[in-house]
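Would you mind keeping the following structure in view while I ask a few things?
Chain naming follows the written order as A, B, C and D, and within any one chain the residues start at number 1.
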Amino acid sequence: MYFASDNACPVHPQVMQALNAANSGYAPSYGGDEIMDRVRAQIRDIFEAPEAAVYLVATGTAANVLSLACLTRPWDAVYCHELAHIQMDEAGAPEFYTAGVKLKPVAGADAKMTPDTLKQALSTVDHGSVHSVQNGALSLTNVTELGTTYSVAEITALSGIAKQAGMKVHLDGARFANALVALGCSAAEMTWKAGVDVVSFGGTKNGLMGVEAVVIFDPRLAWEFELRRKRGAHLFSKHRYLSAQMEAYLSDGLWLELARHSNGMAAVLAEAISALPGGSLAHPVEANMVFANWPASGHQAAKTAGAQFHHWPHGESCEGKAPDTPVCARLVTSWSTTMEDLDAFLKLAAR
Amino acid sequence: MYFASDNACPVHPQVMQALNAANSGYAPSYGGDEIMDRVRAQIRDIFEAPEAAVYLVATGTAANVLSLACLTRPWDAVYCHELAHIQMDEAGAPEFYTAGVKLKPVAGADAKMTPDTLKQALSTVDHGSVHSVQNGALSLTNVTELGTTYSVAEITALSGIAKQAGMKVHLDGARFANALVALGCSAAEMTWKAGVDVVSFGGTKNGLMGVEAVVIFDPRLAWEFELRRKRGAHLFSKHRYLSAQMEAYLSDGLWLELARHSNGMAAVLAEAISALPGGSLAHPVEANMVFANWPASGHQAAKTAGAQFHHWPHGESCEGKAPDTPVCARLVTSWSTTMEDLDAFLKLAAR
Amino acid sequence: MYFASDNACPVHPQVMQALNAANSGYAPSYGGDEIMDRVRAQIRDIFEAPEAAVYLVATGTAANVLSLACLTRPWDAVYCHELAHIQMDEAGAPEFYTAGVKLKPVAGADAKMTPDTLKQALSTVDHGSVHSVQNGALSLTNVTELGTTYSVAEITALSGIAKQAGMKVHLDGARFANALVALGCSAAEMTWKAGVDVVSFGGTKNGLMGVEAVVIFDPRLAWEFELRRKRGAHLFSKHRYLSAQMEAYLSDGLWLELARHSNGMAAVLAEAISALPGGSLAHPVEANMVFANWPASGHQAAKTAGAQFHHWPHGESCEGKAPDTPVCARLVTSWSTTMEDLDAFLKLAAR
Amino acid sequence: MYFASDNACPVHPQVMQALNAANSGYAPSYGGDEIMDRVRAQIRDIFEAPEAAVYLVATGTAANVLSLACLTRPWDAVYCHELAHIQMDEAGAPEFYTAGVKLKPVAGADAKMTPDTLKQALSTVDHGSVHSVQNGALSLTNVTELGTTYSVAEITALSGIAKQAGMKVHLDGARFANALVALGCSAAEMTWKAGVDVVSFGGTKNGLMGVEAVVIFDPRLAWEFELRRKRGAHLFSKHRYLSAQMEAYLSDGLWLELARHSNGMAAVLAEAISALPGGSLAHPVEANMVFANWPASGHQAAKTAGAQFHHWPHGESCEGKAPDTPVCARLVTSWSTTMEDLDAFLKLAAR
């Protein structure tokens, strides 16, 4: 019964097997390995982007901040939702890697900015005046931090506003696969066809040990990315072990299959909790995260039995609450969540 | 009829005379000049802080950002009002000098944060968690960007919250003298006695050519400040010309006299515009800035006659408005504003 | 016949096995895993430093630059040998992570600085003057970039000079194990007992997939390191897979055994090449790197047969040289080098 | 008898008069003043560069480091002489403003690099390899730190090497006027016609209170410079007082006249000291700095009588030396040096 995060789950067996298989003999270092050649081709194929530059790093934060650094200059603003990972959970890594951009938090329900809230944020920056930061980049997150998704039309609309304001668009896809299967569109439709310039293409939360790809649709940024990655100490000598994970992930649709599974598990949770007396969803459940309320007694029962999850928001608690007071929690499912987990958990939550 | 800014006014004649007087023979460079010894003593005396470290720089932004850099580490957050100069008008200089702190904008009417809005902003930072930026410093501005002032009690309350959250307190005193005469308290009461650690003590807007002092109450920060100033390229070889301006400014109470004059001019403006048909104040007028509404016809008449001022907020305009529509403007008075200026302007505004 | 680098060899089977074993169920992320508790204890034990702060990162550059950032302020100088990895091979990562320290290259034969060359470099910095960078840290590399080692006495002497100049001491131990078995001393003797404050304790070049430890003897630097690691995007969510590698590495003396093997292979190479007609060593061979000259014909024969190694220095070549002209090469052995490799290679080199 | 530095001399009376004249009424701030329009035209005219972007800052370090930041990316190397001001005397300001470039010190007698020493330094950087810093910019200083000058032919040769290595060229002209009158060429010949891209055009050391121009021959860098200047806190609100100094400086050839005077004073010093028993020049005297040896007794007599100058190199002293031991000193003349000063000094030096 582990719903605290999708980054605490194990590595998928097929990925582990690929790592074992890659562990033979010498291989060129720093990304010169043959597996990486295949990964590059796989990703270009998936994104229908034959010229895209493709790189691997080992953490999602690295993918995000290296991408943003390539899209901005130090005096720029980056617009993101006020709950965005880059704003709330990266301890200033974006500011560090970009040499000081200013993140402009954008409001919006369910962790989604809207054309209106984005325009409102844009109005606080006097682009073109030397006294102000300048418009640099828009960063969207899909799946969002509250488990919702941006549709292709929504991404297109926000990108359009960004482009008109002179900005590039970054997509934080830490849960890219989960968003993709939720939307039922192609990777190209969710990204460059909708105006996205650079994608953090997550793998770690969906079954890898620690690999994220960065997909850059304009290959003229490639060399700068390589220098920034090296300078950020994120260029791996034994790179083949990153490549091998990603190759396994992308082969035979494993990445989509795992995302479908975790999204499905979340749907089950959402439906069951909604049906509880006093149960309700705090945000729409569109991928693999459930933000839901149910009575404190159920929280306590689950916690006591060893279930792991976070109350929401940060600081919320079921302690000392009357048994039937609804309390909110954040439940994250993953490729390794099982129906048995759910059954056990839901029985406790229902107490 | 110039009300666009107090940074476009000339240098006060007594300051100019001091510059001329200083221009004789050789003098030690980089702050080793004798005038600086006297300035240091003057400022320590004014602030009743015999151990304070005192430095001069030539721009208000330099004073602010060097101060903030000494009070923070790169992974910190600096809390400031959402309209603060450091947030809106310094083009990312704070982020540059601090190597990437995150400015957390705090809400509040009349450009003033309150204990509640500050606490609200603090709640968005998970101090102590490695995934979050940390509490670094609080930066208050007195006079605020909307011409209001923080009372000593208000400063004390906000500083107290900051201290409890593990932070240091910076005061942006670009209009320090205007605030001080408005509050009628001592420099010590408005600063260290109220919990302020470092002050940007402005001079440029109040009659100097380009000098601001930084007053650091904890002398252990002195050497770091000196290195940061040098490294920021703000250490002047012919430093005596900064010292001479500041000495003249502080002598015989000139600084307070000039501030009293400009505050008085603003009070006259405020009263007269309030009394106009359709006239009203947009924010309380407590120092040398007036944010007020009056009919578009009066705006047009004043503009046509060459009066200089900005509409407010940025982007507002009197063009194409019906003659009696109230339009808001920002009027800044200075040591060189004359009663004749006011009379001429008010006659036009009344049309 | 692969002698190009020790970072292209595979992962040792025992390490791979540990990774497979760790891949079960959920585990706390970000270093909260139980394996890390054991690793911390192992390393404190090895270094006889029960209070040391111990962290894992995935690249040697990350270990180096995060360490240096914790030991310096942005206006400092870091003294290192002019061939040091941090000076020559990290693309400015030290400057990035430290927010701009100046690396002062120190001369010295065989990639080793001496008390005299260090003092010479120190004399170019006017420590205490605001116009100069300040003394920040000394960074030593053991094994050096030319395959030589600093003895405990040499480290002690250089650290002593550094300490007297107000500096902290960093040890780049990318090949720490190789140095240790070469010196035949304890880890404590080679580090804190000799004046070292922070160690980059390498694992990747000696059989891991990608893990380096940072050992900080003064635990007051721990929190700063954690924030810098996070901010550098080097905090791994699925941290257990770093821990598992390091645990296997340190268990039953595997790390020392592997280093002994690769050092031994280098000794064989060195002796055999020295014995060739026209063969000679360019630098003393003290660990797992051989810099040696032998006739161009032997180079060509080896290259033709597929042997991989670099000529030395960068840009050197055996192309177009008379067959008996001695040409210099850099040969690196590793835990996976076999006697068969050596035999085959040496036969070709002898042609 | 003040020969310690040209940055301790007073402001030239014509410049002071221009400041007094500018002190009337209101003027647009931040460089929008009319005087700046005229200064821009003057400088474009002097440099025969009608499209050049021209900006004023208040310190030489600001001019240098803002220029270098516009010519480089953070992962670049900047090549400069090992005695260059940016390397020795700016406390890491270049590293700060460029977000971490690596300064590569180039050797060479008399503070001048040569094609050979520059090529030697270039050979230590593996441009094009992701593991290395990249070639960013060459920074030359004319007049050099040892009072010598680069001829137009020398600048052209070094610029040519830089261009071939993919670099831009910066000229630190803190003593630009002194170099120009020494070479007897035009400003265009000494700069863009010889391959220079950006010039720090000094004024402070030659009679101004604190103004340096930056002349950027490629106007596409203009906006970036403006943003960097603002962000560096070097954009002056009361900018007219910078403009007024520079206008006076450039009018009626004042700048050249003052430089001719100070160069002439140095020539007199050099000749007289050379003629002393035991007297000799340490470096060729080509502008307004004299590095010369003469007996310790003469040093002591001059010091005792209050003459101010520095021994050379840093740390040298005449104390405790036998009276006839030659000791080296650095004597800097300025626009305000008088023949009476020289006579008095030389009499003492001859003791």
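Here is the rule we use: contacts are C-beta pairs under 8 Å (C-beta built on N, C-alpha and C of every residue); 3 or more make two chains touch, one makes a residue touch a chain.
Note that the coordinates shown come from a computational prediction; the quantities given were computed from them, not determined experimentally.
K.L.:
Going through B-C, C-D or A-C one by one, find the pair whose contacts repeat those of A-D for over half of the pairs by residue number.
P.N.:
Comparing residue numbers across B-C, C-D or A-C, the repeat of A-D turns out to be B-C.
K.L.:
Taking each chain's centre as the mean of its CA atoms, which one is most distant from chain D?
P.N.:
Greatest centre separation from chain D goes to chain A.
K.L.:
Let me have the rounded angstrom distance from the C-alpha centre of chain B over to the C-alpha centre of chain C, please.
P.N.:
Those two chain centres are 52 Å apart.
K.L.:
Quick check: how many Å separate the C-alpha centres of chain A and chain B?
P.N.:
42
K.L.:
Once you find the CA centre of chain B and the CA centre of chain D, what distance in Å lies between them?
P.N.:
35
K.L.:
When you check chain D against every other chain, which residues touch at least two of them?
P.N.:
As it turns out, chain D has residues touching two or more other chains at 74-75, 90-92, 96, 99, 130-131, 227, 230-231, 235.
K.L.:
What does chain C use to touch chain B in their complex?
P.N.:
Going by the criterion above, the answer is residues 30, 73-75, 99, 130-131, 134, 224, 226-228, 230-231, 235.
K.L.:
Mind pulling up the chain B residues that touch chain D in the complex?
P.N.:
On the chain B side, the touching residues are 2, 5, 7-11, 13, 16, 19-20, 23-29, 57-62, 65-66, 90-93, 96-97, 204-205, 209-210, 227, 230-238, 241, 308, 336.
K.L.:
Over in the complex, which chain B residues touch chain A? Could you list them?
P.N.:
These residues of chain B touch chain A: 74-76, 82, 88-92, 95-96, 99-103, 124, 126, 130-133, 314.
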